[in-house]
Structures are given as C-alpha cells and as structure tokens.
Amino acid sequence: MKEWYLKVRRRTEVICGPLELEDYSIQPSVDVSPPKWHLAHTTWFFEQFVLKAFVVDYKEFNSDFAYLFNSYYNNAGERVLRADRGMMTRPIVYEVLKYRQHVDKGMEAFLSLNPSKEQLDIIELGLNHEQQHQELLAYDIKYILGHQLTFPSYGSEFELKNSENGGFVAIKEGLYEIGYEGENFHFDNEEGRHKVYLYDFEIRKSLVTNGEWIAFIEAGGYENFNLWHSEGWDWVQSQETKAPMYWHYTKNEWHAYDMNGLKPLDFAKPVIHINLYEAYAYAEWKKMRLPTEAEWEVANMHFDWGQLWEWTNSSYLPYPGFKTAEGALGEYNGKFMVNQKVLKGGSVATPKGHTRKTYRNFFHPHLRWQFCGLRLVK
Amino acid sequence: MKEWYLKVRRRTEVICGPLELEDYSIQPSVDVSPPKWHLAHTTWFFEQFVLKAFVVDYKEFNSDFAYLFNSYYNNAGERVLRADRGMMTRPIVYEVLKYRQHVDKGMEAFLSLNPSKEQLDIIELGLNHEQQHQELLAYDIKYILGHQLTFPSYGSEFELKNSENGGFVAIKEGLYEIGYEGENFHFDNEEGRHKVYLYDFEIRKSLVTNGEWIAFIEAGGYENFNLWHSEGWDWVQSQETKAPMYWHYTKNEWHAYDMNGLKPLDFAKPVIHINLYEAYAYAEWKKMRLPTEAEWEVANMHFDWGQLWEWTNSSYLPYPGFKTAEGALGEYNGKFMVNQKVLKGGSVATPKGHTRKTYRNFFHPHLRWQFCGLRLVK
Amino acid sequence: MKEWYLKVRRRTEVICGPLELEDYSIQPSVDVSPPKWHLAHTTWFFEQFVLKAFVVDYKEFNSDFAYLFNSYYNNAGERVLRADRGMMTRPIVYEVLKYRQHVDKGMEAFLSLNPSKEQLDIIELGLNHEQQHQELLAYDIKYILGHQLTFPSYGSEFELKNSENGGFVAIKEGLYEIGYEGENFHFDNEEGRHKVYLYDFEIRKSLVTNGEWIAFIEAGGYENFNLWHSEGWDWVQSQETKAPMYWHYTKNEWHAYDMNGLKPLDFAKPVIHINLYEAYAYAEWKKMRLPTEAEWEVANMHFDWGQLWEWTNSSYLPYPGFKTAEGALGEYNGKFMVNQKVLKGGSVATPKGHTRKTYRNFFHPHLRWQFCGLRLVK
Amino acid sequence: MKEWYLKVRRRTEVICGPLELEDYSIQPSVDVSPPKWHLAHTTWFFEQFVLKAFVVDYKEFNSDFAYLFNSYYNNAGERVLRADRGMMTRPIVYEVLKYRQHVDKGMEAFLSLNPSKEQLDIIELGLNHEQQHQELLAYDIKYILGHQLTFPSYGSEFELKNSENGGFVAIKEGLYEIGYEGENFHFDNEEGRHKVYLYDFEIRKSLVTNGEWIAFIEAGGYENFNLWHSEGWDWVQSQETKAPMYWHYTKNEWHAYDMNGLKPLDFAKPVIHINLYEAYAYAEWKKMRLPTEAEWEVANMHFDWGQLWEWTNSSYLPYPGFKTAEGALGEYNGKFMVNQKVLKGGSVATPKGHTRKTYRNFFHPHLRWQFCGLRLVK
C-alpha cells in the first residue's frame, strides 16, 4: 500500500508540473477549483481522516488548513465557501507543497506500522479520492488555460484518439444484473448488485464525433427548440450557446482549444465538452436517444470505452438497499443524489485502474467543463 | 362529450368564485400564475388547437390573446414570459370571461357537428389540460390568499381528512409491470407498460402527519445537515426554512394557513407543502426512505390515496419506448423530463376522475406550493 | 383648510377614475407603486400623524394598515418592503375607498374643532404630500397602461404643449440668492435662502423637442461612448437603450405612448422620459451643458416652465444651515440627499399651485418614468 | 524628467516588493485590481500614448497587451471587463516585469531625444497616473492580504500617526476662491478657479479617532436608522455592517488589520475605512456635518492633513467652464462626474508631492477600501 500511496501522491504533483505559479490560485468559475486547492485538499483528507484520527502524537502542520481545505464534509467542521476558493493567495504554493511532504512523511510512518483493515480502507478511499481530484485537476487546468487570451499549451498528455464509426450492437430484452460484485475497492454508490429488466436496444460502438456535431450545428440544432428540454432551451438562450465549450469560430473555420493550444477542429475526434442538454438535443435530432446506465453497463463489453465519460439519461439515484455510512465519509456520495445525471465509462484524464464498468460518475445536466461525450442508442 | 366539456368549463369558473376581482391578476411568485391567466390560457387551448385548426370561418376573439395566453408551446408562436404574467392588467377579467363564452359557443357548435375521433382526442386532451389547471388554480389561489397579511378565507372546499396510522404493508420481491394499459384517456408519459424488477419492501398505509412533523422539527431536523441532500441543505440555509410552507409560529404554537384562515395546527392531518428535500430529510431521520414510482404503483391497492400527491424518489424520465408526438402537443410532457421528480396519487384539489394509479405528476425538488405529502418505505 | 383638504382628497380619486379595477393593485417595476397603495398611503399619513396623534378617542379603521401602507417612515414602525407592494390583493380597492371615507370623516371633524397652528402645519404637509403622490400616480398609471400590449387610453388630461424654440437668454456673472423666502408652505429642503456666485451663462428659453432628439438618435448618439458618463454608457449597453422610454419604432416610424394611446411621434412636443444620463449625453453632443439648480432658479423668470421637470446637473444636497426635523416627519427629505439629482420646475402632472421656483424635486440619475425633460445651457 | 520618470517607475515595483507571487494575480472584489494588472496597466499608458504615438519604429512588446491592460479608455479600443481582471494568469508576473523593462528602455531613449512640450505633458500625466495607481496598489494589497485567514504582514510602511484633538477653527462668511491657480501639473478637474460664497462654519483640526468611533458603535450608531441616509441604512442592513472595514471583534476586544497584522485597535489613531454613509451617520450622531469641498479648501491651512483622504459632502461635479479634452485622455475625469463624492487631502499612501489642496479625489459613497477618514464641521 505504501508504494501505491506514494505513486498516487506523486502523480498529483506531476499533473501540476506544466503550470506557472500564477495558474495555481485562480478560480475562474464556481465549478473550477484552484490547483493549489486540489493539492492541499487531497492532503487534508489523509491528515483529517487518518493522521489526526489514528496517530496519537501527530503534529498538525497548520491548524488553519482544516478550515481552508475541507471541501464539503460538514461533519468535519466549518469550511471556506466553495465560491471563495480563489480568494486564497496564502498559504502560498510552496507552503502547500511542504504540507504535502509533512503529511506524506506521517503517512509513510503510519503505513509502516501495520495499519488495521479498517484503516487501510480509509487510506484506499483517500487514494481513490485523490485520483478523482487528479481528474478534476485536468478539467480545471484546461479551463484555466483555455480561458486565457493566449491559449497557452499544457502539453499533449490528455489527447483523444479518433472515433471510428463501427455501427450498432443489439442487446436482447431480458432480466440483467448491474452493480458492483466482488472484493476490490469500489464506492458505496455502486453496491447493491441488482436485477433490472431491459427491452431490446441497439447501442453505437463509437462516440459521436466533431464532424457529426458540425452537421448538427449546420442543420440549425442550436436554433430548433423542438430538440431541447425546456430547461435546455432556456440554457441555450440565456448563454447564447452556439457550440461545445472551447470551440471558437475564427478565420472562417471552427477551432477548438485542446490542452495543446487552439487548433482547427479535428473532425475524426469524439466531440467533447457538451452538457446533457446538448447530448439530448443531438440524440433527438438523430431520432435516437441516450442510453440508460443499466443499458450501458450491460452492453459495455461490446464496445471500447474510456476516452470520455458518457452521458446517460439515468438520474443519479440510490441502488436498492443503499445506505449512507455514518460519519463524515458518509457524505461522500449519498447527499448528491438529486438533480444529477450518471455518466459511465472513464476518460483520458481518469487515472489508470481507477474506473470500472460499474463506476457511477455524476454531474449536473448543465455542466460541460468535464471530459464528457456521447454514445447513441436506438 | 359536449356535456362533459361544459361541466369542466363551468367548474373552472366555480373555483374562482370566492375570489375578489383584485385576486385575479397577481403573480406573487414566478411559479404562481394569476387566476385570470388560467381562465384565459385554458380557453386559448381550445381556440388554438380546435377552433382555429378545424373551423374554417372561425372568428378569433382577439388576435393578441394567442401571444398573451400561450404558456410554453414554442410551436404555437411567441408568448409572454412566464415571470411577466402578473404585469397584465388588461384584458380585464370581464373581457376574459367574454372570451371564455365566445370560445365555448364555438366549441358547442363544433361538438354538434360530429367531430372526428382525432378531433375528439384533442378536445379530451384539452379537458384534461383544463383539469390540471383547475388543480393549479387551487395551489395558486392558496398562495395568493395565504400570502396576504389578513389570511382571508376561501372556504372549506379543499379540506384534508385525518391520516390514521395503519402500519406497513409488505410487498414481495419479483418482476412487476407498471405503466398504462387500456383504452381510456391517459397522457403519453404513462404509455409503454413495462416490466420492472422490485426487491422486498414495506410501504406505510398512511401519510406522515403534522404531529409527526412537529416531532421532526423538535428533534432539530432543520438544523442537522446529515439528514439533507447537499442541495437541500443549501436550500434550508438560504431560505432559513424552519417548517413547511404556510406554517407560522405565533402565540407559542404552530399555526397553518389552510384555505379557511390561519388556525392552530391539526396534528392528525397529513403534513402538506413540504418539498422533496424536506421529505427526504424526514425519511432519513426515520431511517426509512421514499418509495420509487414503481413501488408505489405496484403497492397502491393496499392503501388509500388521493388526499395529497406523494413524492417519490424517482426522477421524471421517459418509459421504454417513449416518443415525443409531432407538433405543439408533443411539447406537453417530454421536454420536462429533466431535473424533476415524479409524484403519484392525487390530491383533494384533483378533479374527480382525473387521476389514476399510472398518472405521473412531476415537480422540481425545491417546490412545495403544490398539494403534496409523504408516504414512507422501509 | 377644510375645503382645500376635501378638494385635494377628491382630486386623488378623480385621477384614478379612468382605471379598471385590475389596474389598481399591480407593481410592474420596483419604482412604480400600485394606485391602490397611493390611495391608502396618502390616507395613512393623516391617520398616523393627525388622527392617531391628536384625537383621543379616534377609532383606527384597521390596525394592519399602518404596516401595509407606511412608505419609508422607519420611525412610524415596520412596513411592507417597497418591492412587495404589488403582492397585496387585500384589502380590496373598495375597502381602501372606505378607509379614505373613514379618515376623511375624522379629518373633517378634527378640522371643525379649531386645530392649532402646529396641527394645521402637519395637515398642510399632508396635503402637499398627497399632491406629490398625485403626480406619482400619473407616472405610475402611465407606466402600468403603457406596458400593456394593447396600449389602452387613459384620456387626454396630461397632454404637453408644443415647445417653440425662442433662443437663449444671457445671465450676467455675479452674486445671487436662491432658496425659499416667505411665509407660505414650502419644504424644509428649500429653506436657507443663501448667496451663490454665478458666472456668465446663456440658458435656452424652450425645452429640447422630440424632433431634436430624433436628430440625436440619427447622429448615433446612443452608440457614441464619448458623449456619456461612464455609468451612463454602462446603462445604455446593459439596457440596450435606443430611445426614450415609451418610444417604439414600428411601421418605419417612431411612435410614442402618451396616455391616449400609441401614436406617431409629435416632433414639436418637448422630449419626455429621458434620464440624466441621456440628458447629459445630448448636451455633450450639442457641446452645451445642463443648468445648475442655482442657474435655473436665477434665470427662471426669463422662460416658461411647468410642462416637464427639468434635469439639472446639481446633486440633491442640503442648503447651508439645513437641519433634519425631529421625529418621523424629519425623514421627509434629508435622508434622500445622496446619489440623486435636482429637477426644477414642474410638470403637466403637478397639481396646480403645488410647485414654485424654489421647489427641489429629485430623482436618481437612471430613472425616467417621471415626467421630465431637458433645457440647455451654454 | 528622465530621472523623475525612473524614480516613479521603480517606486511602483518597490511597493510590490513584499508580495508573494501568489498575491499578484488575484481580484477578490470588483473594485480591487490585481497588482500584476497595475504593473502592466501603468506601463501600457506610456506605450499607448507615448511610444506608439510618437516613436515611428517602436516595436510593441506584445500586441495582446493593449486589450488586456487598457482600463477604461474606450477610445483606445476594446478591453477586458473590469470584473475579469482576476482571470488572467497569463502573462505571468515575470513577463509583465519584462514588459516594464521594455517600455522603460523605450521611454528612456525617447526622453533623451528632447521631446516637445506637448509630449512632456503627456509623460507628466502618465507619471501622475502611475502615482494614482501606486496609491490604489496600497489599497488593493491591503485588501488582498487583509482578507487572508492568516492576516499576513506587509510591513509598516503605511502607518498612521495619532490624531490629537485640537478643537475647531472658525471661518468667516464671505466670498472665497477655490480651484487650481498656477503653472504646475494639475488635473483638468481642478481647473477653473472660481468664486464661492461660504457661510460661517467651524472645522475640526483633527480627524475622528478610533476611540471616538467605538463610542458611536457602543451608542448603537449602526442600529439607529435616524442617523443614516436611506441608502446608507439599506447598505447597513444588507451587509450587516457593525464596524469599519478590517475591524474584527475577537477575544472580547476590537481588533483591526493594519498592514502589519491583526492587532488590538489603537484608540488614538484616526478611524480609517469608513464609507460616506458611515461618515454621514457619525456626523449626524454628533449633531455636526461633513465639510463641503469649498469649505475644506478654504480652511485647509488651519489644520494638518495628508494622513487620510477626507470625505466631503460635495458631489463630484464640473467646475465652471470645465471642458472635456478631445481624445482618449479626455476620458480621464469628466465621465466619472455622476454619483461620486469628493475627498480632499491625501493619505499615507499618496506618493510624496502628488497631492495639493486643490486636488479632487472621488469615490462612490458605498466604498471604503480606500484610505479615507472623517473631519467634522459644525
């Protein structure tokens, strides 16, 4: 476990490597957190739930940090409002990196002392938690850099592969099972393997591409209210949306910011940065629909996935028998089970080994800064 | 059909009977429509989709009304913004009543001429639509009167019966069917009878009462974030909510406005005017949960219902095979299938014969001016 | 005094005569009050400051009304938020008229009993207060009717005369006096006649006309930021302003709503419903400027005035020696002396005899629903 | 001039010396600009109005910077919205410092070539402009550091001296002159020396102190609406204001953040960081008033000033004969002459030699992050 611990922790810092110091503290949107905050918050998790909980003589790095770097664990005390994370210039980045070292040293020592199964479970959760923030870091870094006038390059790490249209695969009506089964790490929201009855459907083997999305735009997709949810249409109108996030129409051509700069759109790549409203409207336009999470989970062995999180039309709701755990860690999943949609799969920004077919990612329907795309069902 | 048409139409006017003229034009919240608007909008439906569609020489009452009294049918042209409905002092109520007479006369004539099945279907839809607005009228009238300093009385028409706790009924795990089956009127969202697999559950025979809710308040339910969805907790804090809508703590006692005035709370009545967040928090506190819509529909013959719409934890989503109809009437249901929850049953304000066990009512989680209550599952 | 009292009181009701009952309770903008509210609030003034203060056995009409119809007198207790005045459907208009009768009867009796000088002063203030609300009623009624889709007619009572350009009159540099002098009624803000030193200026004998304003529009006045205050330019851009309030460009022509309906613009009439930002920008465009209140007051015998309140570039500030009176009536003027501009003169909606050359009217720079126009200085 | 140029430019950088790199890019309030932005914007002034205007072969450092670092000169082209200045992580601070070097090198060369009087005038304006930003830098740095949880120390540079109460000085009624007279640098808004007629007044020799302010708080000053402007009272209530900015009540004692950390309040120091509403309420409580700018200017030789900018009750309006200059530099002052108040004097953050008795500083009434205090008149 110690080796894995150190590997995950180093990876977080490596992701921040290409940043300038100025990029670390900024919060350009309420949904985006400053990279410095991610570095500290993931560390706070281990300090709060492991070191302060189990190490009698643990010396806290800085008692203010609990307040500054708690995210949403009400049980763990007061915290900075989400929208104010970008106000913090202090502690400086260097101080946060020292905080990481301090906690890592404590954790290394703790891991050498033969922790109990229960303690190891918390650490495993902490590492999965940090991996989730590694993915959010990719989203947030893209947002920060992609909203600079100069479209600076981060590098080519999170590049997408081309999406080749391989047709549809048909799944037969019947009773299936979904949900996690096994002994390995998984989140509480995946538990409760259970039967679902599905009807015949066909699911596409590939994601919708940029080229296909251009066709939607050119067919007036963003101007035809018949294709949209009522709320989606309000969103289109209030935001004056005309294309996915990071698209810019310039020099008579669509360009997109990928993390390598602003470039002419690559038609063969899967479309990325569309929200649920857009995904739904596109499917309506094609006279198809989005998969449910059960359909996706049942069919997933018939197609490649892992490039982009895939919107489903399933709401994020508890599986049969779901129980919220006691204490702060019980706030991990259950309290978000309203008004959000499930996304399945994984993305190029998902740490290797972090996701699985039963993984239930979730976002609000209007959000699209995350690495997400669209697979159709008919 | 003609008789039924006239009966429904008269009923709408009767509901408005106890109002003062001043009560007709006001919009005290974006979700509440002025009664005058309901009177006109339900009439517009028949003018727009029947008389103007099928009667060659029909003379429109006033060509501005299509703009003024369209609700959300984008296909039927431009419309007044929902939030501006309370700006309209003209046409005056008298003019709207003349509009109703004008359209009713046209409809009577039309109904005498042996309309086609397709035409009768639209009229039936129009009458069901008007019944839905009759129920909304009750909500909106209660809101308007209940927010006057003087708590004026409307009368005793929509009174609730006592809710007597009769324990729980157990339902066995297995494959069940839900959704509409039959030949009578129903909405498109109920169609597609389909199999669902349910697990053992017990559902309470009675609704949660005011007395039980007081216990929740006194146990600190509105101050304990562990019970709430994250969004629910934000709602409690930003609204400083301490009780259901229409409750007032005065003279050392909880009072509630029912449509008959402000009165000491009746402990034996079912609790009304709680939103989904509150319903969820209450269930968490009881270590129980809300039913899903499938559970409710499967179990409904084992309990009385029809006093209040009952929150389920199911999101309002399409049934397998759901298809949006072409044209304006296709906007009726499908485009609202995001971010809303299903409520089952019916209420004292639901017109007789309007609802059925497969009926899918839906509201946003934060809303509570509607006549809604809570049934628990364990 | 009794005769004058009754005359003023009747006049308020006459102004409301052309309204439909539906027009009385609406508040289509935060700055507009419902006519019903004006009817009640002006009555409350006499009940609060005369009858309840001086008549021992006065029987209050309804004890809720003090809360409902107080405007901004914090000393007189709690009050309905300004923005919520349009929520009140109760008391109904008929009840408010009975309230007026009740108070008038009390006042008539009181006036028959030889009130003291101090008491008469309060009544005189109350009548001037009511006259101010008569003028506001005209503004608010115009706003309510002018924002109906059908542009209903109120009648021709408040019509403007043509404005004939008679050139400029020159005033010589020197020491002048402004401020009220005499024994008649006046507001506390006019007191403190004092010396001001003025420099040579020329002031136009007539107001700027609609025809001149068209020239400003056609010269791109609303698109040229150089002409505007920084805040004015923000206002133009955020509101997308292209013309004065109530102007509509339709059928290839500018129209304006006057209280008689929507009509082609009359070029010879003075321009009305421009705010200070617009007045300033127009003057900049003409390479002239607005008068100060001292200049206006010194020069006023050289031109006709009384059609429209005239923007000055003077801020509404205390005259030398200004003292706020003790008690609730001390809230009448002083507490508004920040961020507002003085307007001089009077308008066609000002009750006869109400204004005088020393009168200091005041509004915020962005407002333009009042009856205001523009006179230039060079 | 070259020597002065370099001295001013270095001073700006010295002011930023104590900052961490993280402090440079943040905008914690719409009125606060990031220090990096000040560094670049003051440089842009010289590049835009001198080097690009007069040096034929000048090579622009980066053509994006004109867009990024223009503040409000509409004539100088498009610009970043004020509220978005804190979104810019790029260019990094190092790049901005290189920009400063590049422009300084160009300016040094230009200054060696015997510039014309007109060119020197622009440079002199640019240096006064930079000095104004030096003062704003002090405000903004205090705001950034003072809103960190850890109250980091900047150092003791901007410390206030004690304010010793020396009574009042009386000024006689009469005709006085105010406004700039002379040949040295001054802003266009000070021009137009002119006569004003003043009445007898007495003005205090010292500023109001923290100790006196405590008395105001303890007397319920923030709870007594009679003392406040109507808008001021709205501000107190909506912000729940209980004390000047940077005051914290902790450990049973008032503390204030000065730039050296959070410390127990020093009663002998002048009160700082109150807005016009607070200054007015305090004066009302003392039954005194604020000076007008003319009173201040006439009386200023009788007291010490220069610790804090002093609120006057005069609105920021043009002096007789004020003319807006043509072109971008004409936007410097005139377009702000609405809704702002004049402050006289200078502060510990005002660069030496920058201010004078005729200087007209101005801020909106609600603002208080600037270094401002209060002198009373009776």
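First chain written, first letter: the chains are A, B, C and D, and each begins at residue 1.
In the analysis below, contacts are C-beta pairs under 8 Å (C-beta built on N, C-alpha and C of every residue); 3 or more make two chains touch, one makes a residue touch a chain.
Quick caveat, the model's predicted, so the values are computed rather than measured.
Q: Can you list every chain that touches subunit A and also touches subunit D?
A: Where subunit A and subunit D might share a partner, there is none at all.
Q: Copy of A-D's interface among C-D, B-C or A-B, judged by over half the contact pairs being the same?
A: The A-D interface is reproduced by B-C.
Q: What's the distance between the Cα centroids of subunit B and subunit D, rounded to whole Å?
A: 57
Q: If you average the CA atoms of subunit C and of subunit D, how many Å lie between those two points?
A: Centre separation, subunit C to subunit D: 36 Å.
Q: For subunit B and subunit C, let me know how many angstrom lie between their CA-based centres, rounded off.
A: Taking the mean C-alpha position of each chain, the two centres sit 45 Å apart.
Q: Tell me, which residues of subunit A touch at least two other chains?
A: If we look for residues of subunit A contacting two or more partner chains, we find none.
Q: So in the complex, which bits of subunit B are touching subunit A?
A: For subunit B paired with subunit A, touching residues are 72, 74-75, 175, 194-197, 199, 225-226, 228-233, 276-277, 280, 284, 289, 313-315, 317-318, 320-321, 324, 330-331, 335-339, 365.
Q: Considering the complex alone, what residue numbers of subunit B touch subunit C?
A: 20-26, 28, 36, 64, 67-68, 86-93, 144-145, 147-150, 152
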